[in-house]
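Each of the two complexes below includes subunit A, the first together with subunit B, the second together with subunit C.
So, the complex of A and B:
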């Protein structure tokens, strides 16, 4: 038994000479809600496709519940434990909502009729409407219903909230929290909406250009990262070599703003020792953390 | 009890929630023996991670504000009001001491070291007192 729902080590993947993933590491503890953050094209969907066994990594390994995703009987058994929502929300367009549910049910021995009825109701899905006539938000909700109802231990959701209006978004997030609280379901979801990730995730990873650049428990990251603002009464003179841990430094007029991931005390002491400085520190939000790392790359 | 959190503030959500529970106890909105919402209910209501609620309740239990009875939930402890008065007073003493030391130019580590030395002195004093 492994304590990780997902473990990826050194994933590499190229498409036509373009490196989509260049040594991506990822660990998702069981029972957590994991927010997988990154800009469009950062490599989120490629990672998810590898995790689901839909694509093969050029290098590195991926394990889900300790097993390799992909072909073979273990791969098939693994898929029954995972609820998957794809990025394109592609479903058979000629089926109605009720038909796709009836069609999906027999594949999953642990199908939860109670959840199916509950989410038809909560998500307000019209059973007799054809999938081709559903809005993108409705299709997202329908895919979530299918993913949740088959009794999965792990949900892998690629941009699950894409196309949802604010009311529907809150409903979906609420149901994900409920699922995590009552069944201990591990939820791994990708998003570029920082607010929703900050709201429900307890673990995050930020990926950029095919690499995880920040990762861990959200509360720890928030505690560890601090913004140090240094005001120079007589203006900033010359280039200052800041102590280790000063990750992103920006100069704005008489002020220098430093995002520090460690060694905060030493950096503050260094700032205070410079002539004519006033030094302050502030907590960092996820949005700042994200934007600072994006600017730096 | 109505709690609200701002997830995009830099203050961790569990600290925001702890403060709101304490405030509710101080104003009498929550009284000794009264039950707090279950973990699931609070997480779903606020749409926040369940582990955040666990953390909040654990810290509050540690401070003696609430009691967690396994299987039945979290309750405001009988001693909560007293504990709060002590912890608020302690908080203000600490705050002014730390502010003054920081204003004098001491770093966080230096303050922490001073504090530990004082505690060591206190322990030594107590041990000596017992010997006499």
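So, the complex of A and C:
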């Protein structure tokens, strides 16, 4: 049995000459909450479509629980273990909330009636309301209910909090953490909301232009990356060749801001050795990490 | 449950087509003796069987796409296909359920249309036995099923509106071509509805039926292959 819920190796995918994925590598350990970050058009949804068997990679391979996603009986068996929330949160508009639950239930032998009732209540979903009359936020909650209630071992959530108000957002995040903790469900979610990813994710990957540029356990990344601010009393003179590990360097007036991925002490020592400098270091937030990598890329 | 979904998505179309068939039947109703003369021309039966062809085009399955379930425009139909595709069901099964239900509904409309022909056209009753009408109904259904399969085939890569137009144009083009190319009546599939109808020949057009069956099977097999290999 594989220790990874998701393994993608060298995924490549092009659309009409545009490379959406350029050799993406991704591993998602079982039982973790994995935040999948990137700008619009970075390749997040394409990756998710490949993982769900909706599209095929031009090169590379994707495995979920060690199995290849796709059509056929093995693909269908795999889908029984995955809960999916789509990017646009569209469900059959002519059904009511109760009808779509009744419709979905027989497809999943491990359907959890207790979770269904719990999330109907927690998410305040009106059973007799038509899906076409629900807001996007309510449809997000309904899709989450459907994904969670079928007893999925892996939730693949494409922008799951899109359209949610702050109260509902908190509710959903809390429930996802609780689900992962209580049932060991692996949660793989893409998002633009860095604060919410930082709040619940154990692991992250940042992708840009179809490649993973940063990845790993969030706590490790935060420990590893440090912001070093060097203030030059007389202004910055010439170009400074910083020690290895200084990944992104930004000059702002008399200050140089360095995002260091390693050798933090060496870079600090180098900065202190320069005449007339004040050197400080700060922990980085996920937002800073993300923005710095985006700027550099 | 896939049957229920397919039923939700087709019931209003079915209702519309049944109403259209009944209206056409009422309009075409004729008890005058002149109508008896029309039958030998082979056009009489086609008047109402046309309703079956119309039904086949209207009810042609959308493959695995979600279709509108009512008369009002609805948002979110296209996107909900992703939910369908995330269900633990093969695409072939999704396709076969939708196609089977649409075909069953088309058959129902066809039976209605045949009964209507028999009831409202005394000319047919004068010239043919009920068994001939039954044979005509069976033979014509294979023609209707071929039109339905054509609609299904177009639905695998065209949107609803274009699918309907493409099916209609292809059927019209086939009729025009077959009128100009002299094929033996036993092979000319469209003659099942007119000159080769059992109402006139009093025999089953087996060759035409075999041709239509082969055509339908081929179109459905190609459609299922497209759906299985397509990216969404």
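The rule is short, and it goes like this: the second predicted complex is superposed on the first by the 297 of 297 C-alpha atoms of A that agree within 3 Å, B and C clash if a C-alpha of one lies under 4 Å from a C-alpha of the other, contacts with A are read in each partner's own complex, and residues count from 1 in each chain.
The definition used in the following text is that contacts are C-beta pairs under 8 Å (C-beta built on N, C-alpha and C of every residue); 3 or more make two chains touch, one makes a residue touch a chain.
Keep in mind the model is a prediction, meaning the values are calculated, not measured.
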(request) Applying the touch criterion given at the start, work out whether A:181 contacts subunit B, subunit C, both or neither, answering first, second, both or neither. (result) first
(request) Considering only touches as defined above, state whether A:66 meets subunit B (first), subunit C (second), both or neither. (result) neither
(message) Going by the contact rule set out at the top, does A:88 touch subunit B (first), subunit C (second), both, or neither?
(response) second
(message) A:195 in the overlay: touching subunit B, subunit C, both, or neither? Say first, second, both or neither.
(response) first
(request) For A:276, select first, second, both or neither according to whether it touches subunit B, subunit C, the two together, or no partner. (result) neither
(message) Looking at A:104, would you say it contacts subunit B, subunit C, both, or neither? Reply first, second, both or neither.
(response) second
(message) Contact-wise, after the overlay, does A:32 reach subunit B, subunit C, both or neither (first, second, both, neither)?
(response) first
(request) Enumerate the residues of subunit A that count as touching subunit B in its complex and touching subunit C in the other. (result) none
(message) Can you tell me which positions in subunit A touch subunit C when the two form their complex?
(response) 49, 52-56, 71-73, 75-80, 82, 84, 86, 88-95, 102-104, 106-108, 131-132, 143
(message) Under the definition above, what is the set of subunit A residues touching subunit B in their complex?
(response) 32-33, 170, 173-174, 177-178, 180-182, 194-195, 198-202, 219, 222-223, 265, 268-269, 272, 282-287
(request) Mind listing the subunit B positions that touch subunit A in their complex? (result) 7-12, 14, 39-40, 43-44, 47-52, 55, 105, 107-109
(request) Flag every residue of subunit C that touches subunit A in the complex, lowest number first. (result) 1, 4-5, 8-9, 66, 68-70, 74-80, 82-83, 85-92, 228, 231-232
